[in-house]
Amino acid sequence: MAGDRAASIDPDALSWYEATARQRVLALTDPGSFREFLPPTERRMSPHLPLFDLPRAFDDGIVVGRARLDGEPVLIAAQEGRFMGGAFGEVHGGKLVGLLRAALALKPKAVLILFDTGGVRLQEANAGETAIAEAMRAIVDVRVAGIPVIGLIGGRAGCYGGGGLIAGTCSRLAVSEGGRISVSGPEVIETNKGAEEFDSRDRALVWRTMGGKHRRLIGGADAFCADTVSAFRKAARDLVGRAPAFDLDTLEAEQARLEARIDRFGDCRDATDVWARLGVNDPESVPAMDTDAFAETVARSPEADHDAR
Amino acid sequence: MESLTFRHTTKKPLPGSVPSAITGVVASGNLEILLERVLPPDACEVAIETPIAGYGDVWEAVVADFVARAQPGGLRISINDGGARPDTVSLRLLQGARLMEA
Amino acid sequence: MGEWRGERRARDARIAAGRAHADGKVVPAGAVVDLLESILRPGDRVCLEGDNQKQADCLARGLSACDPDKIHDLHMVQSGIVLPEHLDVFETGIAKRLDYSYSGPQGARIAKMLYGGQIELGAVHTYLELFARYFVDLTPNVALIAGVSADRNGNLYTGPNTEDTPTVVEATAFKNGVVVAQVNEIVDTVPRVDIPGDRVDFVVEADTPFYVEPLFTRDPAAMTETQILIAMMAIKGIYAEYGIRRLNHGIGFGTAAIELLLPTYGEKLGLKGKIATHWALNPHPTLIPAIESGWVKQVHCFGSEVGMDRYIRERPDIFFTGADGSLRSNRAFCQTAGLYACDMFIGATLQIDLMGHSSTVTQSRVAGFGGAPNMGSDPHGRRHPSDAWMKAGREGQIVGDPALMRGRKLVVQLVETFGDKLVPTFVEKLDALELAKKIGLELAPVMIYADDVTHIVTEEGIANLLLCRDADEREQAIRGVAGYTEVGRGRDRTKVEALRARGVIRRPEDLGIEPLDADRALLAAKSIKDLVHWSGGLYEPPARFRNW
Amino acid sequence: MTLAEILASLFPQGHAVAVREGLVTGTGPFGDGPMHVVGIDGDTPLGVDGALVLSRAVLNAVRTGDRAPILVAVDSDSQRMSRRDELLGLNECLAHLAKALLLADRSGHPTIGLIYGHTAAGAFIATALATRVLAALPGANPSVMDLPSVARVTKLPLDTLEEMAKSTPVFAPGLDNMVAAGAVHVVLDPDRPLGSQIRAVIDTIEAEDVRDRLGAERGGRLVAHTVAAAVADQARLG
C-alpha cells in the first residue's frame, strides 16, 4: 500500500519524531520490502471506540508486517503515537501479540518494535492491559528461541505505562533524545502526588528524568540515535548483532545491575546528580550536547553498556 | 459519531494503477484517508466517519470541489476524521489522489 | 488663584508617609502592603506595570492585599490585565474603573466581570494611544513598575525588558506622581541606568524575580502544512510583490512560519536582501534562522523574549543594546517605529466580517488588542516615500491628481478560514458589536477597521482589497478567500472568478504554488531544539518549550 | 481472605512466609516439596526497591532448580508513582520482575498468580499478569485505573461511565471484567481448602498463552484472539 510519500523521503533527513508510524516502517526497512499484515484495507478497527463517540483508525494505531533489513527478513511493528496516544487497545494489542507469536514459526532475523505509546487505552483498558502481558510473554518466547527483539523509541508519545514494561522485556533498545521511557507519565505523577513531586510542565525535568539521554547513560537503553530514520536503522542493525540471551545468567546479571544502580543512585534527587556520580564532568551540559559529544560522554559511563537485559 | 457518504460520477478515471493508499493520521484536527481503486472508472464514493456532527454541508462542498478538481474516477475513499478543518481535508484528499497516481 | 502647588504638596505628603516603611528609598518585600496603603488614596489613578510580557507581580500581589476600606475605587490605567491579581482588585472594590490595552490570559474572566458590572470600563486602547493619554487625561498618581535591579538611590536597570517603563515613569514622575519600583535585587552599581534615580521614589526588593511571559515563542513543531502554505503565499504574493523591507509581524503561527521560510523558500525565490531586512519586532526565536542566514539587517524591539538574552547580547549589529551589552527595548518607541517607519504590518485575528473589519473580541473573551490597532493602521501623518508604500498607494487610488497621490501602508491579515474547534474566522457580524451593545460601550472593540486592511491571506488565496472598487467587490473578494465557512460558501462564484481574473483574488496556482509542496520540510527549523542549534547554543528556551 | 488466612489454608502445617514492608517472600510445604511464595500485601505500591526484592526471591528459587511452584500473591496498589522511581528506571525493574517470573515458568516452575485484594496498572503486569495461570479470590479488585480517574482522562461524566461499565466489560475495573477478558483464569472458592484448588489449577496449566482465547470464549475480549490469529496466518502465508 502506498503511504505518506515515504518512498520519496530521504531516511537521512526524515525526523523519527515527526514521521508517522507508516513512514518510519517504510523508511527504516529495505525499499519495497515491507508487506503489511491486516492492512488498513481490512478495516480491523476498534469495536469499542464508537461507544465513547471517538473516531477509529483503519489500523487501530499500529502497523505490523514483515520486511527486510539489509536483506535479512525481519518482523516489524510500529505504533502511531498520534492516534489515541499510541495506546494499547484490543485490536492494537492483538496485532502485536499475533506478530510476536508468528515470529516463533517464521524465525526472522529479528523482531523490531517501534514504540510510540502512552500505555493502555483507557476505553479498552482490560484488553490493553492483558495484551501487554501477552506481548511480554510472547517476547520472552521469541527471545528464548534465539530471535532478538529490538525496541526503537523516539516518538511523540514516548514509551509509557505498559509500553515501558514491554520495552524492558526486549533484548535491546535504541532511543533518541526525544524518546522517553517510563512507567508513570509526568501528568500521572503530578495528578496523584502533586506538583512538588513532579512538575509536569517543566519539560526539561521530564526529559532529564525520563528522556533518551538519561536512559542511555544509566544503561536503560543500549544505543542512542540522532533523530533520523537512518540513525535508527543503523542502530537496529547493530543491536540485532549483539542481543543478549534470555536465560538465568542474563537475569542474574540484570538483577545485579539494577541493584547496583539503586545502591549507587538511590538517594539522588535529580538526573544531574546521577550523571555527576557517573563521572560526567559538567552534568548541566548534558541536555544541550549534540549526538557526537553525547556519544563521548556515554563511552565514559560505566553503566551504559552491558548484556544484562 | 456521524456517518456521511457522497457518491459522484466523474468525467474520467484517476490515472495510475496503485490499488490502494493511505495518508494522514486520526488525531485531533487531523484525519486519515484510505483510497481504494475498486469502483467503475467513472464512479467515486467518499464515506466519512466524523466525531463532529452537523457539518454535512461543509463535507459535501469539500468533497464536491475535490471530485471536480481531481476527477478521482474508480476510487472508494474512506475517511476517519479526528475533527479536521476543511482545508486539512482538502489537502489530505489531494495528497491521497497523488499517491494513487504514482 | 494662588494655589499652584497642591499636587506637589500632596505628593510630598504621600512620600513622607511611605518613608515610614522604607530605609531611604528601599522597602523590604514584606512591607509592600504598608507602603502601598500609605502612598495610595481612594480614587487614585494607578498604573500597575504589566503588558503582554513583563509584570510588576510583587506589587500586584501587594495591591490586591491592601485593605479595601482604606484603598478603594482606584482607576487602573495600565497596558495589561494579565495576572489574576489585576482583576482581583476589582472584585474586592480596591479598583473600580479600568482603561487598558491587552488582556490575553484573563480575556474570559474580564468578559464575565464586564457583563457582571464589576468593572467600569473606560476603553480598550492600543498601546500607543494609552501611553498618549498618560500625558493628557489619564496621568497616573502612582506608578508601580518593575525592573531587574536598582541601587539605593533608585537608579533602575530594567534589563532587556524595558518595555513600558520609561513612558510610565515619564508621565508619573514629572507630573507630581509617586513611582514605586520592584526589583529582583538591590545592587551597589546598576549595569546601566534605564531610569534615573531621581524619578523613582521607592524601591521594593521583590521576593521573586518579576514574571515575564514568553508570549512570542512559537514552537515550530506545532506548525501545520496549512500555515506553511499561507506563509508561502504571503512571501511570494505580498513580500516579493511589494518588495517589503521594513515591517512588523504580529504574534501567530502564520507569521512565525514566514520567519522560518525566509532562509529556505525565500532563498529559493532569490529574495534575500530584497525583503524583510528592517524590523520593528520582539526578538522572536523563530527569526533566529533568518538572522543567522544574513537576511536581517536590524531589529528594534517592544520588549524582550524569555531565553533570547544571551543571543541578543552576541548580536549587537542586529539589535539595540546598551553599553552593558543587553537589549534595550522600548514599547512606545517601537510602536511609533511600527506606525511610521514600517511599510507593512502582518498579523492574525479571530474574526473578520464581510467588509474586512476584524477583532479578537468574542462574546466570551475580551482579549484586548495590544499594539495591533496601531501597527495595523495607515498613518496619515507619514510623509516619506518608499517603493512598497507608493505601490500600495497607486493600487488603492483611482481618482484624484496623481501628483497628490500618497502611499499606503500594507495591513495584511493572515488567517486560516477556521480556527480551533472549527470556529469560522469569517463572520457576517463581529461578536464585538454584540458585546458592545450588551455592556453599553459607545465604541465597539474593533481591532483593525476595514479601511485600514489592504490584504487578507488564507489557505484559499490572497484577497487584495486595494483593488476592490466598491463594497460589493470587497465583500466578494473576502468571501472568495473565506474557504468553506458559511461566508465563503455564500460567495457569488461568477463574481469571484471575475475578481480572480483581475488579480484581486489570487489562488496558490495563480502564484505558481503547489499546495502539496507546503511541507514541514520547508521549515528552516522544525523544533525549538533546531532553533537552539541555529543560535549556536545562545538561545535558552524556557523549560516548557523543551523536549530534551 | 487475608494473606494470613490464605497462607493458613494453603499451608496447614505452617510455613516460612514473611511480610516485610508489604513485600511477601518465603516458602511453605506443598505436596511432596516446597512452594515458593512471593507477593505484595496491604495495597502496597510497587517501586524499584520492592520489585528487585521480589525478583531476587524468584531468581533464587530458579537457581535452586527445584522446579517447585511459585505462588504470586497480590494485594497491591499500582506502581509507585514518584520521581525517584522513574529516575531509577522503574520500567526496567518491573519488567525485570516479570521476566524473572516468565523465566521461572520456562524453567519448570509452575507460576500461579493469586489476587486477593487490589492491584492495578504496572504492578499488576509485573506480578500477577506475568504468571502462567492467574487465580483470584472473590472480593479481589484488579483494575487498570479506577473509574474516577478514567472519567478525568476521558472527560466523560462519572455516572455515564458507570452506566457504560455495566454493559461493557472491556474498560471497567473489577474482578468480573478481568475474568471476562481472560486475564484471570479462575476464581477460587474461599470456603474450600486452597491447596487442592491450587493443585488443580497447576494440573490444568496449558503450554500456550490461552488468555486471548479465554477472553473470546467469555465474551470480555471478543476480537483480540481472532486478530492475533489473523496476523499469524497472514505472516505464515507471506
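A, B, C and D label the chains in the order they appear, each numbered from 1.
Definition applied: a contact is a pair of C-beta atoms (placed from the backbone, for glycine too) under 8 Å apart; a residue touches a chain by one contact, two chains touch by 3 or more.
These figures come from a predicted structure and were not determined experimentally.
K.L.:
Report which of A-D and A-C is connected by more C-beta pairs in contact.
P.N.:
A-D
K.L.:
Farthest chain from subunit B, going by mean C-alpha coordinates, please.
P.N.:
Taking each chain's C-alpha mean as its centre, the farthest from subunit B is D.
K.L.:
Can you identify the chain nearest the overall CA centroid, using each chain's own CA centroid?
P.N.:
Per-chain C-alpha centroids compared to the overall one single out A.
K.L.:
Just curious, how far off is subunit D from subunit C if you go by their C-alpha centres, in Å?
P.N.:
Roughly 58 Å, centre to centre.
K.L.:
With centres defined as the mean C-alpha position, give me the subunit A-subunit D separation in Å.
P.N.:
That pair's centroid distance is 24 Å.
K.L.:
Quick one: subunit A and subunit C, Cα centre-to-centre, how many Å?
P.N.:
It comes to 43 Å between the two C-alpha centres.
K.L.:
Roughly how many whole angstrom separate the Cα centroids of subunit B and subunit D?
P.N.:
Centre separation, subunit B to subunit D: 46 Å.
K.L.:
Where in subunit B do residues touch two or more other chains at once?
P.N.:
As it turns out, subunit B has residues touching two or more other chains at 83, 95, 98.
K.L.:
Provide the full list of chain pairs in touch.
P.N.:
A-B, A-C, A-D, B-C
K.L.:
In their complex, what parts of subunit C are in touch with subunit A?
P.N.:
Answer in residue numbers: 221, 520-521, 526-527, 529, 532-533, 537, 543-548.
K.L.:
Spell out the residues on subunit A that touch subunit D in their complex, using ranges where they run on.
P.N.:
35, 37-38, 44, 47-48, 51-52, 64, 66, 75, 90-91, 93-95, 97-99, 101-102, 105-106, 120, 122-134, 136-138, 140, 144, 159, 161-162, 164-169, 181-184, 188-189, 191-193, 197-198, 209-210, 214-215, 218, 220, 246-248, 251-252, 254-255, 258-259, 261-262, 265-266, 268-271, 274, 309
K.L.:
Would you pull the subunit A residues touching subunit B in the complex into a rising list?
P.N.:
Interface residues on the subunit A side: 1-5, 20, 22, 39-41, 43, 50, 53-58, 80, 82-83.
K.L.:
If we count contacts the way the header does, which residues on subunit B are in touch with subunit A in the complex?
P.N.:
The contact residues of subunit B facing subunit A are 1, 18-27, 30, 32, 34, 36, 49-51, 78, 80-83, 95, 98-100, 102.
K.L.:
Please output the residues of subunit D touching subunit A within their complex, sorted ascending.
P.N.:
Residue positions touching the partner: 48-49, 52, 55-56, 59, 62-63, 79, 81-96, 98-100, 102-103, 106-107, 121-122, 124-126, 129-130, 143-145, 150, 152-154, 156, 164, 168-173, 177-178, 180-183, 209, 211-212, 215, 220-232, 234-236, 238.
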